[in-house]
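Read through the structures below before going on.
In the two assemblies presented below, chain A is common to both, partnered first by chain B and then by chain C.
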Partner chain A sequence: MQIKVENLSKTFSPGMPYETRALSDINCEIGSGEFVAIIGHTGSGKTTLVQHIAGLVQPDSGRVTATLDDGTETVISEKGKAAFAVRRRVGIVFQYPEYQLFEETVLKDVCFGPKNQGLDQEAQEARAKEALRLVGLDPDVVGESSPFELSGGQKRRVAIAGVLAVEPELLILDEPTAGLDPKGHDDILDMIDRVKEDKSLSIVLVSHNMDDVAAYADKVIVMNAGTVVMEGTPEYVYCERGSELKDIGLDLPAGPAFLERLREGGLDVDIRKLGFEETAGEIVRALKAKRGKKTEKNAEQQNS
Partner chain B sequence: MAEDAIISFKNVSFSYLQEEDGSAPVEKLALDDVSFDIQRGSFVAIVGSNGSGKSTLAKHMNALLLPTSGSVIVEGIDTITASDEAPWELRKKIGMVFQNPDNQLVSSIVEDDVAFGPENIGMPPEEIRKRVDESLKMVDMYEHRRKGPHLLSGGQKQRVAIAGVIAMDPDCVVFDEPTAMLDPRGRREIMAIIRKLHDQGDTVILITHFMEEAAEADRIIVMDQGKIAADAAPAEIFSKEDLGVLNVPFAVKLSAALRKAGFDIPAGTVTEEKLAEFLCR
Partner chain C sequence: MAVRDITLGQYFPGDSCIHRLDPRVKIVCALVYLVSLFVVRSFWVFGLCILFLAAVIILSGVPFRFISKGLKPVIFLIIITMLINVLFIRTGDPVLTIGKFYITNEGIYRALFMGLRLVLLIFGSSMLTLTTKPIELTDGMEKLLSPLSKIGLPAHELAMMMTIALRFIPTLLDETDKIMKAQTARGADFENGNLKEKAKALIPLLVPLFVSAFRIAGDLAMAMEARCYHGGKGRTRLHQMKLGRVDAVAAIVMVVYLGCVIASRYININIF
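Right after this comes the complex of A and B.
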């Protein structure tokens, strides 16, 4: 599924003292099979934007168009049957989804979506069990537990499984790894990347974790105060326009952030590196150059 | 119990009663014979996988949960006795800050929220005023004292929640994943407050999944399936080859790569600050 967002604007509580212009004139695209990350600090409009993409909120103006892989175009930001049918193919994992668990057992909770799609019980459970395994939970162990008896991170996994079980074509995840342990964090991201490949999904990931964004995204959309201020590959956003990113109060991934710290400390490094290997390589280069200079200086002193 | 221990766990086990669909409730062992002391004034991080028992452990520290067997001693008093006789006394000594800032704020004005705890323990009004102002200043939220919490960012709400806890003048503050829901800026704000509390002599316990945060503590306790799997200084914890479900802080990983390339990085370099300092010499 492909998404086109055009001139989208949204104001909450218009005319009230706390009127908030959450989105102003947003334009962006999500390609079919693309992994798009949305970054921006708290309150910048990320959640509001993805809620529009999922068709959960009506815009004040502008529109969201979905193009299915067979070429049919549907404006999903409008009311109506056609829009509704396409919206069902969009799965969204909400920010803090654990607050939406409500069934008596984990298995029933994950079956909820497939059940709504009209699958029979056997098919529902097969889907639910597959989804639970995908998020690293054993259906035989937790399936019959109440979702309320799980730890925070376990609840998060159940909530993600619930969305995967409906087999969406566009999967939106709003901060899916908050509260997960390091292994769970990596597992979920690898899992997202894998289902993206296996099921040729399009992915929208809202994240505060710049390392994840740098590692997984094909494209990054940067939001600030309700507008899109930058859009491009991780290399472009973090390396070419890193200083602008910092100006709006956002962080760089761990590699370039550390390189910048070294540069401030007086080490002559090029901060435009993204991955761990590149970062380490650049530090090695700079340290060797520094060592070389020192030896030169010593030699000069000895000569004179 | 060691002379200067503020909290002491002695062979603590705890089981939740889980209601399975239809059938009789079953016991779920969440803490399995856990023993350790927390030294007064120390900064201890607790890490471990989801469901390993960290929150359950934390809730034992102020008697939100009581051990099924074994005992928890806080300031020399058994929590079972304390929860019977003076539960507020205990909550006052051991403050708790949780993950979700939205669930912790109860009032519609920031300063009322901070005053909630002190009012509940019957602190005199002048004292409350003073403590509320001091706490809000400590977390740098004093200018926002008249605002409604719904107008604050996640990080700001979390700072208000912390102010509410420190207004009770606790001896120890337990943070259960206080930064999990915050953006990087919010995380930095909270970590700065945690450092400040520790510097001024408070005991701080930090439950976290961020190894960079844990690396700042004096000591790390690793939980695994209700048991303590490791308990040591960060440098030692992160020097192990196989960290299981943990991951290595960036500075540790980078130090290893640089050593491999022939640079002599001092052992025990676990924070980016220390590593940068060394590299820039």
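Right after this comes the complex of A and C.
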């Protein structure tokens, strides 16, 4: 399934003193099987954009369309319409999703989505158990316990399982690691990456963590004040246009940030390297080159 | 986003003389105005009430569109009240007869009268909340009620409870909106279905909402204790309330207005 966002605009409380223009003229695409990251400041419109993509909000103008795998095109949201039918193809995990848990047992809670899709009891439970396994929980161990008894990280997994049980083709995650410890953070991201491969999902990740984005995303969409300011591969966004990114007050991932400091310190490095391996390689190369120059100089001095 | 469109109890930021009035004076004036609406006996005095309210609205600079939004949630109540008046008042001359059933001119007169009174009540009270910050409002109330603390009324505690309740209305509305969207994304349907199905559909909304409300309340209590809150005894204020010239003018205008309304009961100008 491919998602296309065209000229999307949204204003909250129009005509009121609290009027806020959340989105203005947004255009972007999410390809089938793609891992897209959306980055930007708090209040830059990231959450509003993903809510439109999930078909939960109606825009003032513009539209979001989905092209299904069989080639048919359906509207997910446009003025006066937020499509319920397409919603189940798009799953959305909100910030702090554990606050949506409500059932007596974990299994029942995860069954909520499939139940709303009209599946029978057996199929519901099969789906729920599979989803729990996908997020790394054993349904036989946690299935019958109350979701409110679990730890924070486990609650979040259950909530994500609740969305996965709907079997979406596109999974949107709005800051899924907010408030988790470093281990929980890595676990959740690895889990997302694994689920993406297992189920061949498209992923949209809203994040503040540039290292996660650099490590996992195929494409990065940068938002600022309700508009898309950049769109491209992590290499393009962080390396080619890193200085613009810093101008709107966003950070670089650890690699380029470190290389930049080295360059400020006088080492002649190319800052356009993203991963840890590449960064390390570049530092080694630069240091060797520097030593080479030194020996050249020494040789010259000896010759003269 | 229907939950966002509730005006009742919302503050409209501004810097008019109405906004700057001392909250105590404003509360008393609003109460006097609301009482005066029940003193009124004839339509032409309502004209005076409308003029007075219009003057306040113009002075405050709050757009009328914004005020009239407060009517939306109660429009149903107003219509029912008017219908009951029209249908059940049997005195007066029948103006419309369908078989055994008739409507009298007095019924229509009383219905319009009640309807107008309700609308003015809502506009009058929303002018108070629209031009006064919730904090000022509860501070004013606390000050007004403080003489009663001698006879055991916990004025400070009541005011604090109101402050907290008002403060958390938007928070809980946002929370409701968020949970609704999250459950909708899992296929919950809050709009369709019969009454029983609709009530059942609320469970996935209400349970998480209660859980969050308790969590927020616990956090708030902890934060207040961490900052040494121990009730109203010996507590001083950051903003002391002082009566100024505007307050005096407002009080005089109010007294004159109330005098006129009361006098109108004894002066018989019969237009209708």
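Methods note: the second predicted complex is superposed on the first by the 267 of 304 C-alpha atoms of A that agree within 3 Å, B and C clash if a C-alpha of one lies under 4 Å from a C-alpha of the other, contacts with A are read in each partner's own complex, and residues count from 1 in each chain.
Just so it is clear, contacts are C-beta pairs under 8 Å (C-beta built on N, C-alpha and C of every residue); 3 or more make two chains touch, one makes a residue touch a chain.
Values in this document were obtained by computation on a predicted structure and should not be read as measured data.
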Touching partner for A:Gln154 - first (chain B), second (chain C), both, neither: first
Partner chain(s) touched by A:Arg261 [first = chain B, second = chain C, both, neither]: first
Residues of chain A touched, compared between chain B and chain C (which is higher): B
First (chain B), second (chain C), both or neither touched by A:Leu180: first
Touching partner for A:Asp25 - first (chain B), second (chain C), both, neither: neither
Touching partner for A:Glu235 - first (chain B), second (chain C), both, neither: neither
First (chain B), second (chain C), both or neither touched by A:Glu144: first
Contacts of A:Glu73 with chain B and chain C, given as first, second, both or neither: neither
Touching partner for A:Asp270 - first (chain B), second (chain C), both, neither: neither
Contact set on chain C toward chain A in their complex: 1, 4, 12-13, 65-66, 175, 178-179, 181-189, 203-204, 207-208, 211-212
Chain A residues within the chain B interface of the complex: 18, 41-43, 96, 104-105, 144-146, 149-154, 156-157, 175, 178-186, 208, 210, 249-251, 254, 258, 261-262, 265-267, 276, 279-280, 283-284, 287
Touching residues (chain side chain A, partner chain C) in the complex: 12-13, 15-17, 51, 54, 56-57, 84, 87-88, 90-92, 94, 97, 99-102, 112-113, 115-117, 148, 162-163, 166
Contact footprint of chain A on chain B as seen in their complex: 16, 18-21, 28, 48-52, 55, 99-100, 151, 153-155, 177, 180-186, 209, 211, 245-247, 250, 253-254, 257-258, 261, 263, 272, 275-277, 279-280
